[in-house]
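One chain, chain A, appears in both complexes that follow, with chain B as partner in the first and chain C in the second.
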Partner chain A sequence: MTIMEPNREPRKHGSAGDGMVGGRMSRFEGELKIKGAATYALEYPMENVAHAVLVQSTIAAGRVVSVDISKASAMPGVLLVLTPQDDLGLTMCGDWAGNPSSGEPYYPLPQTVQFNGQSIAAVIAESREQASEAARLVTVTYEETPSVTGLHDPNAGEGKVMPNLVVNWGDAEQALAHAEVTIEATYETPREYHVAMEPHGLMTTWEGDALTIWEPSQWSHGMARMYAEWFGIDYENVRIVSPYIGGGFGSKGQPLAYGAVAAAASKKLGRPVKLAVTRPQNFTSYGGRAATRQTIALGATKDGILQAIRHRGMSETSVYADYAEQTGAATPVLYKVENFSSEHRIVAVNTVTPGALRGPGKNPSAYGIECAMEELAYVLDMDPLALRLKNYADHDYQSGKPWSTRRLREALTEGAAAFGWDKRSHQPRSMRDGNQLVGYGIGCGTFPVIRAPSEAIIRILADGRVEVVSGSIDMGQGTYTILAQTAAEAMGVSIDQVVVQLGDSRLPGSSIAGGSMLAGSITGAVHKAALAARDELVGLALNAPNSPFAGSGANTLSVSGGEISTGSGDGPVVTIAEMMKALGREHLEIRRNTLSDDAQEAAEQRKAWTTMARVMGPTMGDYSMHSWCAHFAEVRVDEEFGTVRVSRMVSAFDCGRLYNPKLVESQWRGGIIMGIGQALLEEGIVDPRNGRTVNNNVGDYLVPTNADIPDLTVISVGVPDLNASALGGKGVGEVGIVGVAPAIANAVYHATGKRVRDLPITLEKLI
Partner chain B sequence: MRDFSYLRAASVDAARAGAIQPGAMLLAGGTTLLDLAKCGVATPDTVIDVTHLSGLSAIEVDADGARIGALAKMAAVADDPAIIAAFPAISQSLTLAASQQLRNMATIGGNLMQRTRCPYFRDPGTFSACNKRAPGSGCSAIGGVTRNHAVLGVSDACIATYHGDLAVALVAFDAVVEIGERSVAIDDFFLVPGDTPERETLIEAGEMITGIRVPASAGAGNSVYLKVRDRQSYEFAAASAAVSLELEDDGRTVRDIRVALGGVATKPWRARAVEQALIGKAIDAETVKAASLLAVEGAVSNGGNQYKIALAPRVVARAISDLASKTARTSGGQA
Partner chain C sequence: MTRTIPLSLAINGKPHTLDVEPRVTLLDALREHLSLTGTKKGCDQGQCGACTCHVDGERVLSCLTLAAQVEGRQVTTIEGIAGEDGTLHAVQKAFIEQDAFQCGYCTPGQIMSAVACIREGHAGSDAEIREYMSGNLCRCGAYNSIVAAVREAAAAVSVNEKVEAA
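Coming up: the complex of A and B.
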């Protein structure tokens, strides 16, 4: 068996001038991915590997009465068939928050069927083809029970209120009753999916009690812990390897049932097992964004001063776990309002438990409030931009705290100027281009600054290169690149001298790449470690007897471009490599973390890297901290056909300081593109008779193509926010999608005079 | 995927001899066949690869029309200058179909033979009832999700749409499908489901499409394929129309018109009633609109596909009007 180490070769990147923090460096791993040279989890060369294929349920609810595996087992190459009858000996793992396991047994292939597409058996064979054909021959007998297949199911009911998602201040009911102008409307979003280019799957192998897993992971340490707890082995005995990931969008942050099945099969067989989740199975092996429904009432004075917001929302969850897609997440922070009431419910239906998908909560929430604000603007006969500026929130009305930084006003005004908002004519249906109706719309977005500790190693090598070592991951968002930039700047070396190693749970601890928290968290740790390494190097250079600076009388040295000097122009100039040689050091290693002093014990450190226990929300501290954006969309609607084309978008962002504007812009654009898909195309279509997602493939689940995407202008209006992170950045990964769908829905209304309140806006809703 | 044997045919006759064996299937570009094999719909015992046969990928255009070999690639036909000039609707129907990658792989013969995207047809593991897959088992689509199902040519047994684009243009041009020695008018080649939805074309076991002939017609050079869908590229049609138009010398009276519909019917759908209503008439917006409504005569909705009944005539009317105004512009007449 071969275990490939993550690539340790130095990687080539853009021009040296781009190498510092704030430079427009191209992505380190981009070229490898484009050339097919990046090794993804399922591509690791592995000898003697067996292949597992899942069998999933075809009913929405019930019980597996029996599984006939006789035909499957008799097929050539079949090694093992796992069914609910097999006790895999697993225990439930502790949750994200850090609450310990209940100690209950865990059945990744359960007897009870809770949704259509639930894994209930697995076939392991010598080849993938043999396993998949045998999987087809597994016959399952069910006892069906009644099911609820979505929020629209007549038996769905009203669900239950989530007490932590009830927000009230002032008296919204009273204010609404007395408001001069009110509007009320209900908005819906469907089930949506991550559909990352790289489907889910893993390869696992055991050596004694040690489990190694190659699996795309947004959180190597957290996933390692959960696997360890499932199998009752030490955390140190699990290794997750994930140097390259083909997109995650929130779907790859935790191990899932199929992972437990593969690792258990590998243990039973005593050989490596590879399990590739098929594209259709990806639609039910983990949850996408839950379908939501929310009703918003706004009250205002005749001249457009907001008096009250009342929000009542709900999202679907599964029948076995509570997950809230918080429709009230953005509602309280966007506008100045003295009277506010929000409540979110969850309704259990027969689906896989939904999960986080880019901008969870904030996304559907902004869709509701931002459509409602424009509906109010038209009732008031007021420019929607003016209405937003008029109700600008000078502080956070929910927490009562001041904003750390909030440049949403600049986003609105500078975005409007770049877009040419002043060319808009106010009346719906008043702008045309040939036989197409043209419309403009705005959608504001927000995403909280979530802070988390991390740690990093900086290793100065004998040849003068600087290694950055972290267990954090890069799923395409640019971790490799910005860490190289951070280390280069802090160390005073050229970026070509920096090597970055990521994506392995054995490497230093890190926060999850989720909630837009990783960049702020890990640059803080790398920056701290790199400064310490530089200090260490300078200290040795000043004090070591063999140093060229020994006896120079200097009391400090400067490191720049990989060279050490006194900085005053006289005295020696020594490269780091020469210095290492003079010092006789093979390497110099510094490990630093950004944990608080009370968390430096080993157990506390472990908990910090493997749970959310040390994660801090946006209002922990003196300020309320968020990223902000304003999207301006122009659409063209062919009214006879009902087709909507986004012809132009301008989006302005306040995400604080940008560590690498090129990568940030690409994150923003990626979010905007997903938002265009959400507005116009994406919808998991469920057969109400059996809860099956019928468009469970990328031919039928439509995401935008290049042809659907116009030029996207993105503008940064942010200023460094040093409350938010060590280097002044706020999260950039998720805010881009937030507010796009309402901007487009609002533009469609402006174009056509038709208000579509359920996404996506497909052609039959407009003809 | 099930084990199967793979044969590389050395000649058309060898391919046919192989294909007549039970469980044998021809393999061209494989973009439909492989996909259906992965879904568990196609379970061939033997796959007969015809892609190495020579002489079947020629594209020839002369005064009598075009002849396209069955193995010509979609991309090659779409980009062929002579096809673009003589039959623009054919080129457009291909350019607007699938994706560039698929068009580079897929053949014209395979394209005609592509199967429906009905999700129930494609998911045998979950939906055992499908008359097309398993005759007599019922139809899972009726009563289910039917947004993309047909409204024309449907039966109680099956409402699956024929999604191909090229065949729609070919039906408008009265193309002929060459099946070795015999030739069949394309409108007859495709069958409506009736009680036997499993039978989609006139192809018999052991037969192979060898080419397509498209006769020249006066209006062919003045033709268009209009495809309407939510996504701008890489999506099947919500509704589409292939139209060719020949006007009298006055630049407004219809001498000849061909209209065919895609995305709304169980086979590529010739709309002769629309043609009859317009031949000899002067083109104006009202006349075109009224005639286009005849395109969906007899249409039946099954819920989610109701919009197609409203959409299809609009697509037809737009295609006709666009062609008419273009013709009027080039001939200097008034539309």
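Coming up: the complex of A and C.
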């Protein structure tokens, strides 16, 4: 289906190089990346740069009594040592939602230690080697206080209920009491980490009151605002530069303590400072996914009709901020159920505040409900696929609203057909290949459509090229590519004529690259601006006295392949460059945004680009809007050793219209691979004595390697959803991981007859 | 200042001289002292493969190699594998075609490993490619496409070699 037809001539649609939205164009910035020529944050040439190295706490809770910096300061090349004794003169910044700052002072190197691995000092020296060596000589004296190191700590308690995460309809207790069949089980997930290949870090420099920061950023405008508020300077005086980001997965959407330290050090020294957070320090400089625990009870009739779901979940947070990894996020939307009760609690422990990691909330939530559904299927002696189809939700039972689009049934049936689900024999341990037990499992996933406004500039240049300008970012999702495609199609030029400029907070505002909201948001703005630019160009071509079309009598013109014509076959054919020359224009610039009319004032626009104030959830309209997927996993478990291999997977997705299937498939596979890691490998291990993250490196915190991953088949079953976004797409990046871990856990049960209810599924849990 | 030593390094066929502390790694020498930032730092402890370079044609982890160790040896980085005229290496072309990367940060290391993997004769099957490319982590999860790219490039390299031999 073609949504937009700006060109009179039909184009070959869907071929690799045609530049149309929906085409399988190769990555726009690909050549820079395969040459090593894409410049990441710490790679900008910088004269006279000093290097900062962090010193982190080695206790879980307490107070810094004193910091002895005498030895460190005496080391060669050391320029400055910052400790909790140094007042950096910072103020707390306002939050994501747009709530203003409390005005309290902000101490990025605090006196009070709230978790092990908290930054408490920094050494700045002429070279990184000098700073690293000196950092080891900083001696900290602590006064320790009791700590809670995780959900399993005997003193962790039950935490507190989050009132906004309590959902009830019908009468779940009553329905469970009367259900013919019930199951109840508890599922746990450990701390998990982003492990983006590019470690965090930044370079900063000041010119007077103007601060420039080269830092990987999923949200250049929001981060610039927070830096400005920390330092009490105007927003216009902060510039974040971030054209290439070495992976984020949720970790690079806000400035962090080390950023404040680097910028403050740079200010104190009056010279640029580079701060590279080491790989081990990355494990505590920002939060990964919180550990979770949830208990789910399902009630059903004997023939498998769900009667009730009761969900009670909890996640850990830090002792200084409330962050909920919402274990009830997917529970209410996957199945038809008349009686529902869900509650989520948070438990404060001595950790860095957890954060958003791919599929936040939905991911552990789907793990719980999708394992529980298969447990129910086995109690009912029913095919888990049939059970899911039998309880298919015809609308959103939580909001009462109809789905905008929901092709989860197609995902299940087409996925099952591609996988060969019908070859499954139902009984656990009934399929084997030599000494390998073979099992099949299903896991469904979902992620809400989150909508947000953006703006964009389209600039037609004298040489006929079209520039797309946006402050949005590309961390590998394909923003450069899909914006080039969007602009090429709307403008009627070839993709080679398009230039895309991204990743700078001084450029037009955009939503965060998070919650799978950026693509739908920014393509809307670019499409709107490009159509307006084409109309402007056509208007000038029709009306300007020097135009070849002046007096032609035409009332509209066609722009196609970079050429302007009457479209009827007679009359002149003029390239955009020739037209710009005839018009005597150096460039033609059009700026458009997708904000509502009540938000066009400068202050409101600022707020929209730098906070979440204008972000809309999935049911803030007439429909309930979500992406959907169904994963089918085959595992092979060595009977003697308990080693699990995922031998193949088929995943079917409804993400609406795909702007570039080639890139979407890559992103889906990426999510699935992270899900395989979550199911079988990934677990932050915390020393219960001192709260230290023991496996704070990629040799011990295991992420999947190439050899862990089989061929992954991905299928699109979506249709365009124009309620979800201007061009019909729904979110792609987050949903890929959601449902993978339960598919694998369910397959492991099918293979072995052992139900492992705490991730990751490691061999000692199976033998 | 700390003591420095003069080094002359042959990188991508060109001589470079620099004055660095003896403890400076090849990775930091490239990135911080020679503005050759194509080689990436992912962990700085030999676990991720992002810093993979070639020394005398064999892959090494430049974060675990001191700059001083490679004097008198030929160092090749991602900036040095395309032809003199800018023609992309078969592996580079295949990486674009197969979409074998997303964020691009592990990519130079993957490509350097892939070039060596093919040269070592370890690209005979998908299983072999997976095994010999497993020292290079990719968190975006481009592994299927990396295998496809190495397979495709290995075939192209083999054709080229036959053409050259004839």
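Just so it is clear, the second predicted complex is superposed on the first by the 749 of 767 C-alpha atoms of A that agree within 3 Å, B and C clash if a C-alpha of one lies under 4 Å from a C-alpha of the other, contacts with A are read in each partner's own complex, and residues count from 1 in each chain.
Throughout what follows, a contact is a pair of C-beta atoms (placed from the backbone, for glycine too) under 8 Å apart; a residue touches a chain by one contact, two chains touch by 3 or more.
Small disclaimer: the values here were computed from a predicted structure and weren't measured.
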| item | value |
| --- | --- |
| Which superposed partner A:Met475 touches (first chain B, second chain C, both, neither) | second |
| First (chain B), second (chain C), both or neither touched by A:Tyr392 | neither |
| Comparing the two partners chain B and chain C, which touches a greater set of residues in chain A | C |
| Partner chain(s) touched by A:Leu681 [first = chain B, second = chain C, both, neither] | first |
| Partner chain(s) touched by A:Gly77 [first = chain B, second = chain C, both, neither] | second |
| Partner chain in contact with A:Leu663 - chain B first, chain C second, else both or neither | second |
| Touching partner for A:Glu129 - first (chain B), second (chain C), both, neither | both |
| Contacts of A:Glu640 with chain B and chain C, given as first, second, both or neither | first |
| First, second, both or neither for A:Leu763, with chain B first and chain C second | first |
| Contacts of A:Gly36 with chain B and chain C, given as first, second, both or neither | second |
| Common interface positions of chain A, toward chain B and toward chain C | 129, 699, 704-708 |
| Residues of chain B that touch chain A when the two form their complex | 1-3, 40, 117, 119-120, 123, 125-127, 143-145, 147, 228-235, 238, 306-307, 310-311, 314-315, 318 |
| Chain A - residues contacting chain B, complex | 58, 116, 129, 132-133, 136, 280, 640-643, 645, 680-681, 685-687, 689-690, 692, 694-695, 699-700, 702, 704-708, 760, 762-764, 767 |
| Chain C contact footprint on chain A (complex, rising order) | 26-27, 29-40, 42-43, 45, 76-77, 126-130, 194-199, 244-247, 249, 276, 278-279, 475-478, 662-663, 665-667, 669-674, 697-699, 703-709, 711-712 |
| Chain C - residues contacting chain A, complex | 1-2, 21, 23-24, 28, 31-32, 35, 37-45, 47-48, 50, 77-79, 82, 88, 92, 95-97, 99, 101-108, 111, 126, 129-131, 133-147 |
